[in-house]
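Two complexes follow with chain A in common, the first pairing it with chain B and the second with chain C.
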Partner chain A sequence: MTLETRKPNGEIVTGSVRLIHSAGMHARPAVKLTKLAKKFQAQISIRAADANEWINAKSVSKIMALRAARDSIIEIEASGEDAAAAVAALIDLIAADFPDGGQ
Partner chain B sequence: MNDTVGIVIVSHSRDIAKGTADMVRQMVGSEVKVAFCGGDPDGGLGTNVPLIIEAIDKAWSPKGVAILVDLGGAETNSEMAVEMLQPERRNLVVVCNAPIVEGAVMAATEAAGGSSLEQVRAVAEELSAD
Partner chain C sequence: MRAEVARTGYRGKTASIGFAHGAFVRLGKAQIASRKPGTSKDEELALRSAIKSAGEEIAALASAVGGDAAQILEFQVALLEDDDFLEPVFAAITDGTPADAAWSLACDEQIANYKSAFDEYLQARSADLADLRDRVVRTLRGDKNEALKIPDGAIVCADDLPPSRFLEINWSQGGGLALLHGSPTSHVAMLARARGIPMVVQLGAVAEIAETALLDGESATLQLDPTAEQVGLFERRQEVHQKNRASARAILRRPAARWRGEKIKLLINIQRSEDLEHADAQYADGVGLMRTEFLLSDATGLPDEETQYLAYDAVLRWAGERPVTIRTFDAGGDKPVPGFTADHEANPFLGVRGLRLCLARPDVFSVQLRALARAATHGNLKVMFPMVTTPDELESGRKLLIAAIEALKAKGVPAALPELGIMVEVPAAALTVDRFNASFYSIGTNDLAQYVTASDRSNGALAKLIDPRNPAVLELIRRTADYGKQAGIGVSVCGDMAGDPTCIPALLDCGIRELSVNPSALGEIKQTIEKLGDGGVRE
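Here is the complex of A and B:
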């Protein structure tokens, strides 16, 4: 799991985390991820590592269509005021295997 | 707590409507009001305007209500139910052009973030955009 600020002025924050969920990124994790992403003002994009396209983390239909398999690396990129908190929170969610409740 | 758009599920089958509502509650959580109706009053398959109005009342939110339907009659009866609402509520209820289960889950996910009725509808309808 990594978390770094790519630009010195803090414009873009990136992170990556291994998807440990047994079934990969299916419907229920997708809903949890989207709901959490929406709590932040930052623009947040994610992709399965090495995929060409970045996906808006706040779009539940796009996240559900991500089809990331178990053990794939998920990359997260965010920009905006609370970008660092957003990336950290999403990494926590994925690393903790999408626990129920909380958030 | 902030108001969120309510979700109504209208199927010809009560079991499908209830099962869809269960999926929404379990996957999205309890912050979004979800109501459902299905079947005719005699227990057969069908949809029923008074039951739809009742479900809209149950899911009512000042932000509005998004209705997800299955086949033909569910849509026309839902539109009729909307027509029969008090005038000030009519503009706050939309029937989404979306698959019932996926549309309900996605609409509720969008609603949970506090989105407007138009945003909720747009997300549900993304599924039928292609």
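Here is the complex of A and C:
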């Protein structure tokens, strides 16, 4: 996993992490991810690596539509006050395979 | 007896394709009345409150059941809190869609996405969404109205049906909808298409009582109390339809058709803008032929400029950046129009038809050219003249078009000169395409075959002779394609030949790389091209 902050123009924080969940990005992981994302003020976008479109990490329907499979690399990009914390928290959630009660 | 059977068959207009055979249920006026939508503000508030109470119900249910079931329910709650999902729903309500219809359509779209997934787990999510959809709809409706009791898989017949009543019916076991009035563009029609429920509208008058019915959404027919023979025929049609659709749909979603490494463009022929509602139309590379004769069938006389402009504009808007080829009025021949076409011609197919007629009637033609020039200011419009024989005719048409543009601009109305091309259907034109200053050629194989083989296409006795695969016809197609390739001018085929799988090998072999077919043939033709594959197997 990686985490990178570009300071100069407006705090864009990016990160990437491998999806290890056996069923890929399905309903339960998607719900956990959006719930966590919604705790932050930052604008957060994610995409499966190399996809063209970034999608809103706070939208469960969009995340389900990603259809990210097991072992795909998920890229995260956030901007806003708590962007760095948001990216770090989401990476932790995905890397730890969406543990129960961890939010 | 015979007369009675004949009276139980009805024809209307297709609103949603598909087939249904089931009990016949006729709804009376009292049963149709139901939830009346309020103003768009009322509808928005109604949906917000229904979503809120549905969310509370589900959350309560989740804490009661616990475990895996609770996690599934949490997904439903998350969806109710998903602004990206709800935003288009509220936008539709602001635009005047009733709350229940807007909500159901958004859910149905998601359901269709999940259903098309390869993954069984995602497919199963479609049931959760259907559950969520129905819960919110029930809340919206309240329990004041008594629910309709309709047997599973029934053919429901009514004068018209509001979305809320449609949503009360359990369509999970199939069924169909037959309306005496109604329209293919109504909200109910959209819901029926989203659920894959066959629906036929504008049936006129239908008998009140019958045991069973057959509804064929493809040919827009309703048959009451069918005979065993009618059922047999119907089932065979249904089977063919289902097989074709399943494989053709999958193929349409794949990237462009290729043959020997070359991209084959597949466009659609449309009679009117409503044809774009066909579910497969979205997969086309553009509109290869928009006929405009439907504008002439209005009982109120020849169409004014604004009516025409709106019709052309609707198609260009739909197409976005994709090309749209609109053919100017092709009246005459077998398409007489009172007040426009010449009466009493001894040989209408060899008479004043197509561009010949338009040039003879500049009063009518100029109105169409003005509407086209206005539409050309946005979108990728191409204008095509039919039945062109000599280059002079093309130039006369061009002069009228330029004059129309100048007249519009003088009045401060935005207008533009679209690309101008011709139909290649008269042998004299086919033999001399290099003499025409056209931006594109579109081969009309029906008329070309008729004129090359000297066989009236409306005369059934000559059906064998008028085969477009006649070597003389193919030779003219090949010469046109060769010239187009050499001069860098696009050549397409828009006649029935392009939509006939048995003709595709010959057309590709002649050098044709652009085909325009009816939306319903798009899948089958793409499949045919792919089957021919890189080997280019010929018959």
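We adopt the following convention: the second predicted complex is superposed on the first by the 99 of 103 C-alpha atoms of A that agree within 3 Å, B and C clash if a C-alpha of one lies under 4 Å from a C-alpha of the other, contacts with A are read in each partner's own complex, and residues count from 1 in each chain.
To be clear about the criterion, a residue touches a chain if its C-beta (ideal position, glycine included) is under 8 Å from a C-beta of that chain, and two chains touch if they have at least 3 such contacts.
As the structure is a computational prediction, the values presented were derived from the model and not from experiment.
Look at A:A65: by the touch rule set out above, it reaches chain C but stays clear of chain B.
Counted by residues of chain A touched, the larger count belongs to C, out of chain B and chain C. Applying the stated contact rule after C-alpha superposition, one finds that A:N56 touches chain C and leaves chain B untouched.
Once chain A of one complex is fitted onto chain A of the other, the partner contacts of A:H21 are absent, as it touches neither chain B nor chain C. By the touch criterion defined above, A:T34 reaches both chain B and chain C.
Of the residues of chain A, those at positions 27-28, 31, 34-35, 58-61, 64 touch chain B in one of the two structures and chain C in the other. Of all residues in chain C, those touching chain A in their complex are 71-72, 74-75, 78-79, 81-85, 110, 113-114, 117, 119, 121-122, 125, 128. Note for the complex: chain B touches chain A at residues 27-29, 102, 105-106, 109-110, 112-114, 123, 126-127. Chain A meets chain C in the complex at residues 23-24, 26-28, 30-31, 34-35, 56, 58-62, 64-65, 67. Chain A contributes residues 27-28, 31, 34-35, 38-39, 58-61, 64 to its touches with chain B in the complex.
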